[in-house]
Amino acid sequence: MYLGKVIGSVVSTKKDESMRGRKLLMVRPMLVDPEDPSKFKPGSNTIIAIDTLGAGEGELVMLAQGSSARQAEGLKQLPVDAAIVGLIDTVSIGGKKTYEAKNS
Amino acid sequence: MYLGKVIGSVVSTKKDESMRGRKLLMVRPMLVDPEDPSKFKPGSNTIIAIDTLGAGEGELVMLAQGSSARQAEGLKQLPVDAAIVGLIDTVSIGGKKTYEAKNS
Amino acid sequence: MYLGKVIGSVVSTKKDESMRGRKLLMVRPMLVDPEDPSKFKPGSNTIIAIDTLGAGEGELVMLAQGSSARQAEGLKQLPVDAAIVGLIDTVSIGGKKTYEAKNS
Amino acid sequence: MYLGKVIGSVVSTKKDESMRGRKLLMVRPMLVDPEDPSKFKPGSNTIIAIDTLGAGEGELVMLAQGSSARQAEGLKQLPVDAAIVGLIDTVSIGGKKTYEAKNS
Amino acid sequence: MYLGKVIGSVVSTKKDESMRGRKLLMVRPMLVDPEDPSKFKPGSNTIIAIDTLGAGEGELVMLAQGSSARQAEGLKQLPVDAAIVGLIDTVSIGGKKTYEAKNS
(Lines give C-alpha, C1' and ligand atoms only; values in the text may rest on other atoms or scores of the structure.)
Protein backbone atom coordinates (compact mmCIF):
# COMPACT_ATOMS: atom_id res chain seq x y z
CA MET A 1 0.00 0.00 0.00
CA TYR A 2 1.11 3.59 -0.11
CA LEU A 3 0.12 6.98 1.25
CA GLY A 4 -1.97 9.36 -0.81
CA LYS A 5 -3.68 12.68 -0.38
CA VAL A 6 -7.25 13.17 -1.60
CA ILE A 7 -7.08 16.16 -3.97
CA GLY A 8 -10.48 15.98 -5.67
CA SER A 9 -13.15 13.81 -7.21
CA VAL A 10 -14.43 12.48 -10.51
CA VAL A 11 -18.00 12.07 -11.78
CA SER A 12 -18.73 9.41 -14.38
CA THR A 13 -22.36 8.69 -15.22
CA LYS A 14 -21.67 6.22 -17.99
CA LYS A 15 -19.53 3.61 -16.36
CA ASP A 16 -19.30 -0.11 -15.80
CA GLU A 17 -22.68 -1.14 -14.35
CA SER A 18 -21.09 -2.71 -11.24
CA MET A 19 -19.60 0.64 -10.20
CA ARG A 20 -22.93 2.45 -10.00
CA GLY A 21 -23.13 4.73 -6.94
CA ARG A 22 -19.47 4.42 -6.05
CA LYS A 23 -17.55 7.48 -4.93
CA LEU A 24 -14.51 8.13 -7.10
CA LEU A 25 -11.76 10.22 -5.52
CA MET A 26 -8.68 11.71 -7.15
CA VAL A 27 -5.63 10.89 -5.08
CA ARG A 28 -2.00 11.96 -5.34
CA PRO A 29 0.55 9.51 -3.90
CA MET A 30 2.63 10.96 -1.05
CA LEU A 31 6.09 9.58 -0.42
CA VAL A 32 8.37 10.02 2.55
CA ASP A 33 10.95 12.53 1.27
CA PRO A 34 14.41 10.88 1.02
CA GLU A 35 16.05 14.28 1.62
CA ASP A 36 13.98 15.18 4.67
CA PRO A 37 12.02 12.20 6.05
CA SER A 38 9.96 14.48 8.28
CA LYS A 39 8.21 15.68 5.13
CA PHE A 40 6.18 14.13 2.35
CA LYS A 41 6.94 14.52 -1.31
CA PRO A 42 3.98 14.46 -3.71
CA GLY A 43 4.16 11.86 -6.49
CA SER A 44 3.93 13.05 -10.09
CA ASN A 45 1.03 10.73 -11.00
CA THR A 46 -2.60 10.81 -9.89
CA ILE A 47 -4.92 7.90 -9.21
CA ILE A 48 -8.71 7.53 -9.24
CA ALA A 49 -9.57 5.43 -6.20
CA ILE A 50 -12.82 3.96 -4.96
CA ASP A 51 -13.64 5.19 -1.48
CA THR A 52 -15.59 3.04 0.97
CA LEU A 53 -14.47 4.80 4.15
CA GLY A 54 -15.76 8.34 3.66
CA ALA A 55 -12.44 10.05 3.03
CA GLY A 56 -12.58 13.83 2.63
CA GLU A 57 -10.61 16.18 0.45
CA GLY A 58 -7.19 16.98 1.89
CA GLU A 59 -7.10 13.80 3.99
CA LEU A 60 -4.13 11.45 4.02
CA VAL A 61 -5.21 7.91 3.13
CA MET A 62 -3.79 4.46 2.54
CA LEU A 63 -4.30 3.04 -0.94
CA ALA A 64 -4.25 -0.56 -2.16
CA GLN A 65 -3.70 -1.32 -5.82
CA GLY A 66 -4.34 -4.04 -8.34
CA SER A 67 -6.25 -7.20 -7.44
CA SER A 68 -5.66 -6.34 -3.78
CA ALA A 69 -7.97 -3.32 -4.11
CA ARG A 70 -10.80 -5.73 -4.96
CA GLN A 71 -10.37 -7.48 -1.62
CA ALA A 72 -11.69 -4.38 0.14
CA GLU A 73 -15.17 -4.56 1.65
CA GLY A 74 -17.77 -4.89 -1.12
CA LEU A 75 -15.45 -4.52 -4.12
CA LYS A 76 -14.88 -8.20 -5.02
CA GLN A 77 -16.42 -8.20 -8.50
CA LEU A 78 -15.71 -4.60 -9.52
CA PRO A 79 -13.29 -3.50 -12.25
CA VAL A 80 -11.33 -1.36 -9.79
CA ASP A 81 -7.57 -1.37 -9.40
CA ALA A 82 -7.26 1.26 -6.65
CA ALA A 83 -9.14 1.59 -3.37
CA ILE A 84 -8.82 3.65 -0.22
CA VAL A 85 -8.41 1.00 2.48
CA GLY A 86 -7.52 3.23 5.43
CA LEU A 87 -7.67 6.79 6.75
CA ILE A 88 -4.32 7.76 8.29
CA ASP A 89 -4.20 8.93 11.92
CA THR A 90 -0.43 9.21 12.32
CA VAL A 91 2.79 8.53 10.47
CA SER A 92 6.02 8.04 12.43
CA ILE A 93 9.44 8.01 10.81
CA GLY A 94 12.65 7.33 12.71
CA GLY A 95 10.72 7.39 15.99
CA LYS A 96 9.22 10.84 15.41
CA LYS A 97 5.61 11.61 14.56
CA THR A 98 5.73 13.33 11.16
CA TYR A 99 1.97 13.46 10.52
CA GLU A 100 -1.11 13.64 12.72
CA ALA A 101 -4.63 13.93 11.35
CA LYS A 102 -6.40 17.07 12.52
CA ASN A 103 -9.48 15.27 13.78
CA SER A 104 -7.65 12.37 15.42
CA MET B 1 -7.89 3.68 -12.04
CA TYR B 2 -6.59 6.73 -13.83
CA LEU B 3 -7.68 9.32 -16.35
CA GLY B 4 -6.88 8.95 -20.03
CA LYS B 5 -7.67 10.68 -23.27
CA VAL B 6 -8.68 8.64 -26.31
CA ILE B 7 -6.21 9.65 -29.04
CA GLY B 8 -6.84 6.99 -31.68
CA SER B 9 -7.49 3.35 -32.44
CA VAL B 10 -5.80 0.13 -33.45
CA VAL B 11 -6.91 -2.57 -35.89
CA SER B 12 -5.68 -6.12 -35.40
CA THR B 13 -7.22 -8.85 -37.55
CA LYS B 14 -5.00 -11.65 -36.32
CA LYS B 15 -5.50 -11.62 -32.60
CA ASP B 16 -6.41 -13.86 -29.70
CA GLU B 17 -9.69 -15.54 -30.72
CA SER B 18 -11.51 -14.32 -27.59
CA MET B 19 -10.94 -10.69 -28.58
CA ARG B 20 -12.74 -10.95 -31.91
CA GLY B 21 -14.95 -7.90 -32.59
CA ARG B 22 -13.59 -5.86 -29.71
CA LYS B 23 -12.88 -2.17 -30.19
CA LEU B 24 -9.28 -1.28 -29.38
CA LEU B 25 -8.63 2.34 -28.52
CA MET B 26 -5.30 4.10 -28.08
CA VAL B 27 -5.33 6.07 -24.86
CA ARG B 28 -2.84 8.49 -23.32
CA PRO B 29 -2.91 8.75 -19.51
CA MET B 30 -3.76 12.23 -18.21
CA LEU B 31 -2.48 13.28 -14.81
CA VAL B 32 -3.46 16.20 -12.65
CA ASP B 33 -0.55 18.62 -13.13
CA PRO B 34 1.39 19.05 -9.84
CA GLU B 35 2.41 22.57 -10.93
CA ASP B 36 -1.09 23.72 -11.86
CA PRO B 37 -3.81 21.32 -10.62
CA SER B 38 -6.41 23.04 -12.80
CA LYS B 39 -4.72 21.44 -15.79
CA PHE B 40 -3.93 17.94 -16.96
CA LYS B 41 -0.49 16.77 -17.96
CA PRO B 42 -0.30 14.06 -20.61
CA GLY B 43 1.61 10.90 -19.64
CA SER B 44 4.56 9.83 -21.78
CA ASN B 45 3.25 6.31 -22.37
CA THR B 46 0.26 5.11 -24.42
CA ILE B 47 -2.09 2.23 -23.70
CA ILE B 48 -4.31 0.09 -25.92
CA ALA B 49 -7.59 -0.31 -24.03
CA ILE B 50 -10.69 -2.35 -24.73
CA ASP B 51 -13.76 -0.13 -24.94
CA THR B 52 -17.18 -1.40 -23.93
CA LEU B 53 -18.81 1.99 -23.35
CA GLY B 54 -18.61 3.65 -26.79
CA ALA B 55 -15.88 6.19 -26.01
CA GLY B 56 -15.03 8.59 -28.82
CA GLU B 57 -11.78 10.15 -29.88
CA GLY B 58 -10.83 13.13 -27.73
CA GLU B 59 -12.96 11.96 -24.80
CA LEU B 60 -11.65 11.78 -21.25
CA VAL B 61 -12.13 8.29 -19.81
CA MET B 62 -11.41 6.24 -16.72
CA LEU B 63 -9.13 3.24 -17.23
CA ALA B 64 -8.72 0.11 -15.14
CA GLN B 65 -5.60 -2.00 -15.46
CA GLY B 66 -4.38 -5.53 -14.85
CA SER B 67 -6.72 -8.25 -13.62
CA SER B 68 -9.17 -5.52 -12.62
CA ALA B 69 -9.75 -4.69 -16.30
CA ARG B 70 -11.08 -8.21 -16.76
CA GLN B 71 -13.79 -7.58 -14.17
CA ALA B 72 -15.47 -5.15 -16.59
CA GLU B 73 -18.71 -6.26 -18.21
CA GLY B 74 -18.05 -9.17 -20.59
CA LEU B 75 -14.26 -9.25 -20.33
CA LYS B 76 -13.79 -12.03 -17.73
CA GLN B 77 -11.90 -14.54 -19.90
CA LEU B 78 -10.10 -12.13 -22.23
CA PRO B 79 -6.34 -11.52 -22.31
CA VAL B 80 -6.82 -7.81 -21.70
CA ASP B 81 -4.96 -5.74 -19.12
CA ALA B 82 -6.56 -2.36 -19.82
CA ALA B 83 -10.22 -1.41 -20.19
CA ILE B 84 -12.23 1.78 -20.35
CA VAL B 85 -14.57 1.47 -17.37
CA GLY B 86 -16.07 4.97 -17.35
CA LEU B 87 -16.63 8.08 -19.44
CA ILE B 88 -15.76 11.20 -17.44
CA ASP B 89 -18.42 13.92 -16.94
CA THR B 90 -16.51 16.18 -14.57
CA VAL B 91 -13.26 16.37 -12.63
CA SER B 92 -13.06 18.59 -9.55
CA ILE B 93 -9.76 19.44 -7.85
CA GLY B 94 -9.54 21.51 -4.67
CA GLY B 95 -13.28 22.25 -4.86
CA LYS B 96 -13.13 23.66 -8.41
CA LYS B 97 -14.42 21.98 -11.55
CA THR B 98 -11.36 21.55 -13.79
CA TYR B 99 -13.00 19.49 -16.52
CA GLU B 100 -16.51 19.19 -17.91
CA ALA B 101 -17.40 16.96 -20.86
CA LYS B 102 -18.86 18.90 -23.79
CA ASN B 103 -21.92 16.74 -24.14
CA SER B 104 -22.63 16.41 -20.42
CA MET C 1 -2.23 -3.64 -23.68
CA TYR C 2 0.46 -1.72 -25.50
CA LEU C 3 2.24 -1.68 -28.81
CA GLY C 4 5.60 -3.39 -29.25
CA LYS C 5 8.02 -4.19 -32.02
CA VAL C 6 9.56 -7.65 -32.28
CA ILE C 7 13.32 -7.08 -32.28
CA GLY C 8 14.64 -10.59 -31.71
CA SER C 9 14.29 -13.88 -29.90
CA VAL C 10 15.56 -15.84 -26.94
CA VAL C 11 16.44 -19.53 -26.61
CA SER C 12 16.16 -21.19 -23.22
CA THR C 13 16.55 -24.97 -23.06
CA LYS C 14 16.40 -25.25 -19.29
CA LYS C 15 13.13 -23.61 -18.40
CA ASP C 16 9.94 -24.22 -16.49
CA GLU C 17 8.58 -27.54 -17.82
CA SER C 18 5.23 -26.00 -18.80
CA MET C 19 6.94 -23.63 -21.25
CA ARG C 20 8.54 -26.39 -23.35
CA GLY C 21 8.30 -25.66 -27.08
CA ARG C 22 7.09 -22.09 -26.64
CA LYS C 23 8.50 -19.35 -28.87
CA LEU C 24 10.07 -16.52 -26.87
CA LEU C 25 10.33 -13.20 -28.66
CA MET C 26 12.19 -10.08 -27.56
CA VAL C 27 9.90 -7.08 -27.87
CA ARG C 28 10.51 -3.38 -27.40
CA PRO C 29 7.45 -1.31 -26.37
CA MET C 30 6.48 1.38 -28.89
CA LEU C 31 4.66 4.47 -27.66
CA VAL C 32 2.84 7.14 -29.59
CA ASP C 33 5.29 10.05 -29.50
CA PRO C 34 3.84 12.97 -27.45
CA GLU C 35 5.87 15.43 -29.58
CA ASP C 36 4.78 14.04 -32.94
CA PRO C 37 1.83 11.62 -32.63
CA SER C 38 2.35 10.46 -36.23
CA LYS C 39 5.46 8.65 -35.03
CA PHE C 40 6.30 6.00 -32.49
CA LYS C 41 8.89 6.36 -29.79
CA PRO C 42 10.70 3.20 -28.68
CA GLY C 43 10.52 2.39 -24.98
CA SER C 44 13.75 2.02 -23.03
CA ASN C 45 12.90 -1.43 -21.65
CA THR C 46 12.64 -4.78 -23.43
CA ILE C 47 10.23 -7.63 -22.75
CA ILE C 48 10.37 -11.36 -23.45
CA ALA C 49 6.91 -12.32 -24.68
CA ILE C 50 5.35 -15.66 -25.53
CA ASP C 51 4.11 -15.72 -29.11
CA THR C 52 1.11 -17.81 -30.12
CA LEU C 53 0.26 -15.91 -33.33
CA GLY C 54 3.39 -16.34 -35.44
CA ALA C 55 4.75 -12.81 -35.16
CA GLY C 56 7.88 -12.10 -37.20
CA GLU C 57 10.87 -9.91 -36.50
CA GLY C 58 10.17 -6.24 -37.22
CA GLU C 59 6.40 -6.66 -36.84
CA LEU C 60 4.28 -4.36 -34.69
CA VAL C 61 2.30 -6.35 -32.14
CA MET C 62 -0.09 -5.90 -29.23
CA LEU C 63 1.15 -7.16 -25.88
CA ALA C 64 -0.79 -8.14 -22.77
CA GLN C 65 0.92 -8.25 -19.40
CA GLY C 66 0.56 -9.83 -16.00
CA SER C 67 -2.20 -12.31 -15.24
CA SER C 68 -3.98 -11.08 -18.39
CA ALA C 69 -1.24 -12.63 -20.54
CA ARG C 70 -2.20 -16.01 -19.13
CA GLN C 71 -5.74 -15.62 -20.48
CA ALA C 72 -4.39 -15.94 -24.02
CA GLU C 73 -5.13 -19.15 -25.90
CA GLY C 74 -3.30 -22.06 -24.27
CA LEU C 75 -1.34 -20.13 -21.66
CA LYS C 76 -3.61 -20.57 -18.59
CA GLN C 77 -1.19 -22.49 -16.36
CA LEU C 78 2.11 -21.07 -17.61
CA PRO C 79 4.45 -18.80 -15.60
CA VAL C 80 4.28 -16.12 -18.28
CA ASP C 81 3.63 -12.44 -17.64
CA ALA C 82 3.79 -11.17 -21.22
CA ALA C 83 2.12 -12.49 -24.37
CA ILE C 84 1.62 -11.28 -27.91
CA VAL C 85 -2.18 -11.19 -28.24
CA GLY C 86 -2.50 -9.42 -31.61
CA LEU C 87 -0.62 -8.54 -34.80
CA ILE C 88 -1.24 -4.90 -35.71
CA ASP C 89 -2.72 -4.04 -39.12
CA THR C 90 -3.16 -0.31 -38.66
CA VAL C 91 -2.82 2.40 -36.04
CA SER C 92 -4.81 5.63 -36.42
CA ILE C 93 -4.12 8.71 -34.31
CA GLY C 94 -6.21 11.88 -34.54
CA GLY C 95 -8.10 10.46 -37.52
CA LYS C 96 -4.95 9.75 -39.57
CA LYS C 97 -3.44 6.36 -40.30
CA THR C 98 0.04 6.45 -38.75
CA TYR C 99 0.96 2.79 -39.30
CA GLU C 100 0.00 0.15 -41.82
CA ALA C 101 1.49 -3.34 -41.83
CA LYS C 102 3.29 -4.14 -45.09
CA ASN C 103 1.46 -7.38 -45.71
CA SER C 104 -1.99 -6.09 -44.72
CA MET D 1 10.55 -9.60 -4.16
CA TYR D 2 12.90 -6.80 -3.27
CA LEU D 3 14.89 -5.48 -0.34
CA GLY D 4 13.52 -2.73 1.84
CA LYS D 5 14.46 -0.93 5.03
CA VAL D 6 11.85 -0.32 7.71
CA ILE D 7 11.89 3.45 8.30
CA GLY D 8 8.72 3.95 10.34
CA SER D 9 5.10 3.03 10.88
CA VAL D 10 1.57 4.15 10.17
CA VAL D 11 -1.52 4.15 12.38
CA SER D 12 -4.95 3.91 10.77
CA THR D 13 -7.95 3.41 13.04
CA LYS D 14 -10.57 3.66 10.34
CA LYS D 15 -9.56 1.03 7.85
CA ASP D 16 -10.91 -1.96 5.98
CA GLU D 17 -12.43 -4.23 8.66
CA SER D 18 -10.28 -7.21 7.62
CA MET D 19 -7.08 -5.31 8.45
CA ARG D 20 -7.99 -4.70 12.09
CA GLY D 21 -5.00 -5.21 14.40
CA ARG D 22 -2.45 -5.46 11.62
CA LYS D 23 0.91 -3.75 11.98
CA LEU D 24 1.59 -1.29 9.16
CA LEU D 25 5.24 -0.45 8.54
CA MET D 26 6.69 2.21 6.29
CA VAL D 27 9.41 0.71 4.13
CA ARG D 28 11.85 2.24 1.69
CA PRO D 29 13.05 -0.09 -1.11
CA MET D 30 16.81 -0.68 -1.12
CA LEU D 31 18.53 -1.53 -4.37
CA VAL D 32 22.00 -2.88 -5.00
CA ASP D 33 23.90 0.20 -6.23
CA PRO D 34 24.93 -0.25 -9.88
CA GLU D 35 27.95 2.03 -9.30
CA ASP D 36 29.19 0.22 -6.19
CA PRO D 37 27.46 -3.16 -5.68
CA SER D 38 28.85 -3.39 -2.13
CA LYS D 39 26.38 -0.67 -1.18
CA PHE D 40 22.65 -0.18 -1.25
CA LYS D 41 20.90 2.73 -2.86
CA PRO D 42 17.60 3.85 -1.32
CA GLY D 43 14.62 3.95 -3.68
CA SER D 44 12.74 7.21 -4.10
CA ASN D 45 9.33 5.73 -3.24
CA THR D 46 7.99 4.44 0.07
CA ILE D 47 5.65 1.52 0.69
CA ILE D 48 3.25 0.68 3.52
CA ALA D 49 3.69 -3.04 4.16
CA ILE D 50 1.88 -5.45 6.43
CA ASP D 51 4.27 -7.10 8.86
CA THR D 52 3.66 -10.63 10.16
CA LEU D 53 7.25 -11.38 11.19
CA GLY D 54 7.94 -8.74 13.83
CA ALA D 55 10.31 -6.55 11.81
CA GLY D 56 11.83 -3.62 13.68
CA GLU D 57 12.72 -0.13 12.58
CA GLY D 58 16.03 -0.01 10.73
CA GLU D 59 15.87 -3.69 9.75
CA LEU D 60 16.45 -4.90 6.21
CA VAL D 61 13.50 -6.97 5.02
CA MET D 62 12.21 -8.80 1.95
CA LEU D 63 8.95 -7.48 0.49
CA ALA D 64 6.42 -9.20 -1.76
CA GLN D 65 3.97 -7.15 -3.80
CA GLY D 66 0.62 -7.45 -5.48
CA SER D 67 -1.46 -10.62 -5.24
CA SER D 68 1.69 -12.42 -4.08
CA ALA D 69 1.62 -10.43 -0.82
CA ARG D 70 -1.75 -12.00 -0.05
CA GLN D 71 -0.21 -15.48 -0.16
CA ALA D 72 1.70 -14.69 3.02
CA GLU D 73 0.59 -16.42 6.23
CA GLY D 74 -2.89 -15.17 7.23
CA LEU D 75 -3.30 -12.48 4.56
CA LYS D 76 -5.39 -14.39 1.97
CA GLN D 77 -8.52 -12.23 2.06
CA LEU D 78 -7.00 -8.86 2.94
CA PRO D 79 -6.81 -5.83 0.65
CA VAL D 80 -3.03 -5.68 0.97
CA ASP D 81 -0.61 -5.34 -1.90
CA ALA D 82 2.65 -5.33 0.07
CA ALA D 83 3.86 -7.63 2.83
CA ILE D 84 7.11 -8.28 4.64
CA VAL D 85 7.79 -11.94 3.88
CA GLY D 86 11.32 -12.25 5.27
CA LEU D 87 13.86 -10.64 7.61
CA ILE D 88 17.27 -10.46 5.92
CA ASP D 89 20.28 -12.11 7.60
CA THR D 90 22.86 -11.58 4.88
CA VAL D 91 23.18 -10.27 1.33
CA SER D 92 26.08 -11.45 -0.83
CA ILE D 93 26.98 -9.80 -4.13
CA GLY D 94 29.74 -11.08 -6.41
CA GLY D 95 30.78 -13.61 -3.77
CA LYS D 96 31.26 -11.00 -1.02
CA LYS D 97 29.00 -10.44 1.97
CA THR D 98 27.69 -6.88 1.63
CA TYR D 99 25.18 -6.95 4.48
CA GLU D 100 24.91 -8.82 7.76
CA ALA D 101 22.13 -8.24 10.26
CA LYS D 102 23.43 -7.10 13.65
CA ASN D 103 21.58 -9.74 15.62
CA SER D 104 22.25 -12.64 13.25
CA MET E 1 9.18 -11.85 -18.80
CA TYR E 2 12.50 -10.08 -18.97
CA LEU E 3 16.20 -10.83 -18.93
CA GLY E 4 18.21 -10.59 -15.74
CA LYS E 5 21.70 -11.36 -14.53
CA VAL E 6 22.24 -13.19 -11.26
CA ILE E 7 24.50 -10.92 -9.20
CA GLY E 8 24.25 -12.48 -5.75
CA SER E 9 22.06 -14.08 -3.13
CA VAL E 10 20.11 -13.37 0.01
CA VAL E 11 19.75 -15.39 3.22
CA SER E 12 16.61 -15.00 5.31
CA THR E 13 16.11 -17.40 8.21
CA LYS E 14 12.96 -15.80 9.55
CA LYS E 15 10.62 -15.79 6.60
CA ASP E 16 7.15 -16.85 5.56
CA GLU E 17 6.89 -20.53 6.52
CA SER E 18 5.97 -21.60 2.97
CA MET E 19 9.31 -20.31 1.65
CA ARG E 20 11.45 -22.51 3.87
CA GLY E 21 14.42 -23.99 1.98
CA ARG E 22 13.96 -21.84 -1.10
CA LYS E 23 16.99 -20.33 -2.81
CA LEU E 24 16.76 -16.55 -3.06
CA LEU E 25 18.89 -14.94 -5.75
CA MET E 26 19.58 -11.26 -6.32
CA VAL E 27 19.01 -10.41 -9.97
CA ARG E 28 19.58 -7.25 -11.95
CA PRO E 29 17.31 -6.78 -15.00
CA MET E 30 19.20 -6.60 -18.31
CA LEU E 31 17.66 -4.68 -21.20
CA VAL E 32 18.59 -4.65 -24.86
CA ASP E 33 20.42 -1.32 -25.24
CA PRO E 34 18.40 1.04 -27.49
CA GLU E 35 21.67 2.73 -28.58
CA ASP E 36 23.50 -0.48 -29.44
CA PRO E 37 21.17 -3.51 -29.58
CA SER E 38 24.16 -5.87 -29.64
CA LYS E 39 24.70 -5.01 -25.99
CA PHE E 40 22.74 -5.20 -22.79
CA LYS E 41 22.12 -2.31 -20.47
CA PRO E 42 21.77 -3.11 -16.75
CA GLY E 43 18.56 -1.92 -15.10
CA SER E 44 18.80 0.40 -12.11
CA ASN E 45 16.67 -1.80 -9.83
CA THR E 46 17.41 -5.20 -8.30
CA ILE E 47 15.01 -8.08 -7.67
CA ILE E 48 15.04 -11.00 -5.25
CA ALA E 49 13.87 -14.01 -7.26
CA ILE E 50 13.10 -17.57 -6.27
CA ASP E 51 15.25 -20.02 -8.21
CA THR E 52 13.97 -23.50 -9.06
CA LEU E 53 16.35 -24.17 -11.96
CA GLY E 54 19.79 -23.99 -10.33
CA ALA E 55 20.91 -20.67 -11.79
CA GLY E 56 24.48 -19.64 -10.91
CA GLU E 57 25.99 -16.25 -10.24
CA GLY E 58 26.75 -14.35 -13.44
CA GLU E 59 24.22 -16.33 -15.47
CA LEU E 60 21.65 -14.67 -17.71
CA VAL E 61 18.14 -15.79 -16.80
CA MET E 62 14.50 -15.20 -17.70
CA LEU E 63 12.32 -13.79 -14.91
CA ALA E 64 8.56 -13.88 -14.49
CA GLN E 65 6.83 -11.42 -12.18
CA GLY E 66 3.64 -11.03 -10.22
CA SER E 67 1.04 -13.78 -10.07
CA SER E 68 2.73 -15.35 -13.09
CA ALA E 69 5.79 -16.17 -10.97
CA ARG E 70 3.57 -18.36 -8.80
CA GLN E 71 2.66 -20.51 -11.81
CA ALA E 72 6.22 -21.82 -11.90
CA GLU E 73 6.78 -25.42 -10.79
CA GLY E 74 6.05 -25.78 -7.07
CA LEU E 75 5.41 -22.11 -6.26
CA LYS E 76 1.59 -22.02 -6.40
CA GLN E 77 0.90 -21.08 -2.78
CA LEU E 78 4.02 -19.04 -2.04
CA PRO E 79 4.14 -15.29 -1.41
CA VAL E 80 6.61 -14.80 -4.26
CA ASP E 81 6.32 -12.19 -6.99
CA ALA E 82 9.48 -12.99 -8.94
CA ALA E 83 10.83 -16.34 -10.15
CA ILE E 84 13.56 -17.50 -12.47
CA VAL E 85 11.64 -19.47 -15.10
CA GLY E 86 14.44 -20.07 -17.62
CA LEU E 87 18.22 -20.11 -18.07
CA ILE E 88 19.19 -18.28 -21.26
CA ASP E 89 21.20 -20.13 -23.94
CA THR E 90 21.18 -17.46 -26.63
CA VAL E 91 19.72 -14.05 -27.40
CA SER E 92 19.40 -12.94 -31.04
CA ILE E 93 18.60 -9.35 -32.01
CA GLY E 94 18.09 -8.25 -35.60
CA GLY E 95 19.15 -11.68 -36.84
CA LYS E 96 22.51 -11.65 -35.00
CA LYS E 97 23.40 -13.67 -31.93
CA THR E 98 24.19 -11.11 -29.22
CA TYR E 99 24.58 -13.53 -26.30
CA GLU E 100 25.60 -17.15 -25.96
CA ALA E 101 25.89 -18.89 -22.60
CA LYS E 102 29.42 -20.22 -21.96
CA ASN E 103 28.31 -23.73 -21.18
CA SER E 104 25.73 -24.04 -23.97
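Order as written gives the chain letters A, B, C, D and E; numbering starts at 1 within each chain.
Rule of thumb we're sticking to: a contact is a pair of C-beta atoms (placed from the backbone, for glycine too) under 8 Å apart; a residue touches a chain by one contact, two chains touch by 3 or more.
What you see is a predicted model, and the numbers here were worked out from it, not measured in a lab.
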item	value
Cα-superposition angle relating the copies subunit E and subunit A, to nearest 5°	145
Interface sides of subunit D and subunit E: same vs different residues, half threshold	different
For subunit C paired with subunit D, centre-to-centre distance based on mean C-alpha positions, whole Å	33
Inter-centroid spacing, subunit C versus subunit B (mean Cα positions, whole Å)	20
For subunit C, residues contacting two or more additional chains	66-67, 69-70
Chain-level touch network, classified as line, ring, star, complete or other	ring
Ring topology as an ordered chain list, initiated at subunit C and continued via subunit E	C, E, D, A, B
Partner subunit D, residues of subunit E touching it in the complex	7-19, 24, 26, 28, 42, 44-49, 57, 66-67, 69-70, 77-82
Subunit A - residues contacting subunit D, complex	1-3, 31-32, 34, 37, 43, 52-53, 62, 64-73, 75, 83, 85-95, 98, 104
